[in-house]
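Each in structure tokens, the structures are laid out below.
In the two assemblies presented below, chain A is common to both, partnered first by chain B and then by chain C.
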Partner chain A sequence: MATAISENLPVLLVVMLLSTAYILPVLTRVRRFRLVEIFSILALCLTLVGGAYLAKEVLHNGSFHYQVGGWPAPWGIELVINSLTGLFLITIGFVTIPIMLYASADLVEEVGSRQRAIWFMTLFLLLTAALTGLAVTGDMFNVFVMVEVASIASVAIVSARNDAASVEATFKYLMLATIGSGFVMLGIGFLYILTGNLNMGFIQHELSTTWQNYPTALWMGMSFFMVGFGVKSALFPLHVWLPDAHSTAITPASAMLSSLAIKGYIIALLKVFYMAVGAQIILALPITNILLVLGMVAIIAGALFALAQDELKRRLAFSTVSQVGYIFLGIGLGTVQGLGGSLMHILSHAITKALLFLAAGSIVKYTGESKISEMAGVGYQMPVTVGVFTVGALSMVGIPLFSGFVSKWQLLLGSLQAGNYLAVLVLVLGSLLAAAYLLPVVKVAFFQKPEEKPLYGEAAYVQLVAMLFLAVLIILVGTFPGALLELAQQAARTLLGLEVLL
Partner chain B sequence: MSDFVLKRVVALLLPFVQMFGLYVIFHGHLSPGGSFSGGIIVGLGMIAFSLVFGLEKGSEKLTERTTTLIESFGTLWYGAMGLVGVLRGSSFLMNKGSGVPLGEPGKLYSGGLILLITLGVGLKVASTMVTLFNALMEEED
Partner chain C sequence: MGDLINRILQNYPYIFALALFGIGTFTVLTHSNLLKKVIGINIMEGSTYLFFIAAGNIRGGVAPIKDMASQGEVIHVNPLPQALMLTGIVVSVSVTALSLALIMRLYKLYGTVDAREIHQIRNEVRASGNSN
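Presenting the complex of A and B:
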């Protein structure tokens, strides 16, 4: 039994999450709602355990393949488990468990009814399952299916609150996400026409010998992928849906979308570029240069937009645009150090932004103020919440001992190694701007006296536990990044084809 | 709507529509069609009933609770069929390799687990059609 589980673990993780998502709607009549919530948190905990196990396997024994249905590669669907998979599965586990824990405290009250709360959890688990699927898959069409499931689930959880603002944001997001899916589909079509394969390994094999015959067609296919996944992961000029969607959704939804959902599409983009097309071709085309420039623009522009916002959740949403720029900058460098740094930034930004959104959600909910300028003295009333917000802010700025430092340091080293001093300048400037837009919140909350006597208290006990969990995680990753950093760098080496593990 | 002819015709046709839907589902591995098209035919039968006899009667026949149950069951059934392979020590969704008898080629039972899996998918699609229809109709209130 144990071997049956460990051998089939990659597919079982996805199946387990999907099954849990579909068991939940049946449980509307369970008298104690707490049990339903514990059930779904348990599924997420199993994902983390499974992900950590797979990561350990990959770190010691290298990548491996899994054939669904026992059909060998070109006929059947193949799952490829490498260090990228391991790293992203761990990220999923780290982020979803505290978010679900946080949501469990006041979900019914936030979305209106028990039925809607269960729907929210179903969508949340479907989104997690789709992201898990993106992490393990090695097949282009499987990528498309998972991208679609993730898009629809994430569009739907934006509208969980069902008020005018969130429905408008949902509609905007739905339109742009659909356009993005269309572009991805076209890109897959191009790859299929060029190679006659949907399996990533076979596409790479085919292209490696013949791509010079049709560079324009390949270049076009790659542009489709870049635009499609760029819309979905909010790369700077294509980010217009993000601020509305992420600031009007309910707190756990914004945390999930901002920290994890957009990263799933970046993982998919990396899989297409480096596992399907191959590092040699990607580095020969000007793709990485474009990503580098867009990343740099995103860092500065996102941060400037964030500075201009007075609404706390909107400011955090624009900060996500800026931080996605860091990830694309690392990808654009095209070196092991740079790519490893951006993979590490995927993890560290996920836990940091989840914490910031959860804390911001608590502050907005309990004070009733959504504007930063009116949050004077909140820290006196909610010391723990604002305290963990400070931890998140420091990590986002990139102060040593917090997880943000680890990834930004890697990106900085990568830029220096590549001799790209403009990127170094942008990275430092981005960090300064991050300090400029996040630390004033802390300053206002802790160092300004409140004007009248407010009547609110600290967030719910469970929510504090969830936020403290993330804060401790940020400090742990920041102080002992060893194994995770090694995993990220191994993933970068694998993707760039320097370690023949694929 | 109180059209006598319409009601009689639909009442006569419905069993055959449902039967045909089930036929398409079960013969997915032998003839054109399969669980998606068959499931949609079954679902459309239910929608036709609601359109002609009224939404209330339709949701009396097939309550929201029932469609939810069928939907969840269909998905879980698929997962369970996939696990047969895992439990027999081979791979997820493995059919013949996990010791399932395949049956005689050309006969109804000739694909091992495929018949059972399409049944689950067909049920899921049919109930999803009904759910979508009900959701769109409720919007108009």
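Presenting the complex of A and C:
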């Protein structure tokens, strides 16, 4: 039994999350709502345990393949488990568990009814399942299906509260996400026409010998992927949907979307580029240079837009645009250090941004103020919430001993190694701007005299536990990054073809 | 020049599909009527079906169904892209359903299906100090 589970773990994780998601609506009539919440948190905990187990296996024994249903590739769908998978599964576990815990405190009140609360949890688990699927898959069409499931779930989750602002943001998001899917689909079409395969390993094998015969077609396919995944992961000029969607959704939804959902598409992009097309070809085409420039523009522009916002959640949403730029900059460097740094930044930004959004949501909810300029003295009433917000802000700026430092340091080393001093400058400037848009919140909350206002007190007990968990995680990853950093760098080496993938 | 025209003529289904894709995307991005946006999405997704089916087509091929009666060599078209497009159709139907449901909700909340008017109403609400 135990061996059967561990052998089939990659597919079982996805199946388990999907079936939990579909069982939940049946449980509407369970008298104690707490049980439903515990049930879904349990599923997420199992994902974390499974992900950690797979990561450990990969770290010790290298990547392995899993044939779904026992059908060998190219006839069946193949799952590829490598360090990238392990890292992203751990990230999913780290982030989803505290968010679900936070949501469980006041979900019914936030979305209106128990029925809607359960639908929210269904969508949340579906999104998690799709992201898990993106992490394990090794098949192009499987990527498309998982991307679609993730898109529709994340679009629907924005409108959980169903008020005027969020429904408008949802529609905008749906239109742009669907355009993105269309581009991804055409990109897959190009790869299929060129190679006649959908399995990533087979595509790479086929392209490695023949790609010089049709560079234009390959180039077109790659651009379709870049635009498609760029829209979905909010790469700077294509980010227009993000601020509205992420700032009007309910707090757990915006934390989930901003920290994980957009990263799933970056993982998919990395899989297409490095596992399907292959590092050789990607580095021979000027694709990484384009990503490098776009990343640098995104860091600066996102941060400047963030500075201009007075609404706390909107400022955090624009900060995500800026931080996605860091990830693309690392990918654009095209070196092990740079790619490892950006994979590490996927993890550290995920936990940091989740914490910031959860804390901001609590502040906005309990004070009733959404504007930063009106939050004077909040720190006196909610010391723990503003305290963990400070931890998140320091990590986002990249202060040593916080997780943000580890990834930004790696990116900095990567740019220095590549001899790209412009990138170094942009990275440092981005950090300074992050300090400029996040630390004033802390200053206003702690050091400005509160106005005469009724007392409101701290967030709910469970929510404090969830936020403290993330804060401790940020400090732990920042202090002892050892194993995770090794995992990220191994993933970078695997993707760049320096370690044998197949 | 003649070479270019030759290549275009040979690959006309793909070029047609890409043109349709452009028309669809353009419709979504430029029209302010939400229903026209949904129609644009459908044109766009339709073009991807055309793209894939053209990729699997062989001129003179027949449907890939085993036929005992026919004798000799029969060319079958590639069934895989067709199977993939069934999935694609399912996805686009659900996207259309979701967007139509959202349009109904938007009409109830704002009393219009015009994106520009909705945006104006939103800005007025935000300017009056209430962020939600």
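The criterion applied here is as follows: the second predicted complex is superposed on the first by the 499 of 502 C-alpha atoms of A that agree within 3 Å, B and C clash if a C-alpha of one lies under 4 Å from a C-alpha of the other, contacts with A are read in each partner's own complex, and residues count from 1 in each chain.
We adopt the following convention: a residue touches a chain if its C-beta (ideal position, glycine included) is under 8 Å from a C-beta of that chain, and two chains touch if they have at least 3 such contacts.
Because the structure is predicted, anything quoted here is derived from the model rather than measured.
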Touch count on chain A, higher of chain B and chain C: C
Chain B versus chain C as contact partner of A:Tyr53, first or second or both or neither: neither
Touched partner set for A:Leu186, first chain B, second chain C, both or neither: second
Which of chain B and chain C A:Thr178 touches, first, second, both or neither: second
Residues of chain A that lie at the interface with chain B and also at the interface with chain C: none
Partner chain B, residues of chain A touching it in the complex: 4-5, 8, 11-12, 15, 18-19, 22-23, 25-26, 66-70
Chain A-touching residues of chain C, taken from the complex the two chains share: 18, 21, 24-25, 28-29, 34, 37, 41, 44-45, 47-48, 51-52, 55, 80-81, 84, 87-88, 91, 94-95, 98-99, 102-103, 105-106, 109-110, 118-119, 122, 125, 131-132
Footprint of chain C on chain A - complex, ascending: 141, 144-145, 148, 152, 155-156, 159, 162-165, 167-168, 170-171, 174-175, 178-179, 181-182, 185-186, 189, 192-193, 198, 248, 311, 370-371
Touch list for chain B against partner chain A, complex: 68-69, 71-72, 75-76, 79, 82-83, 85-87, 89-95, 97
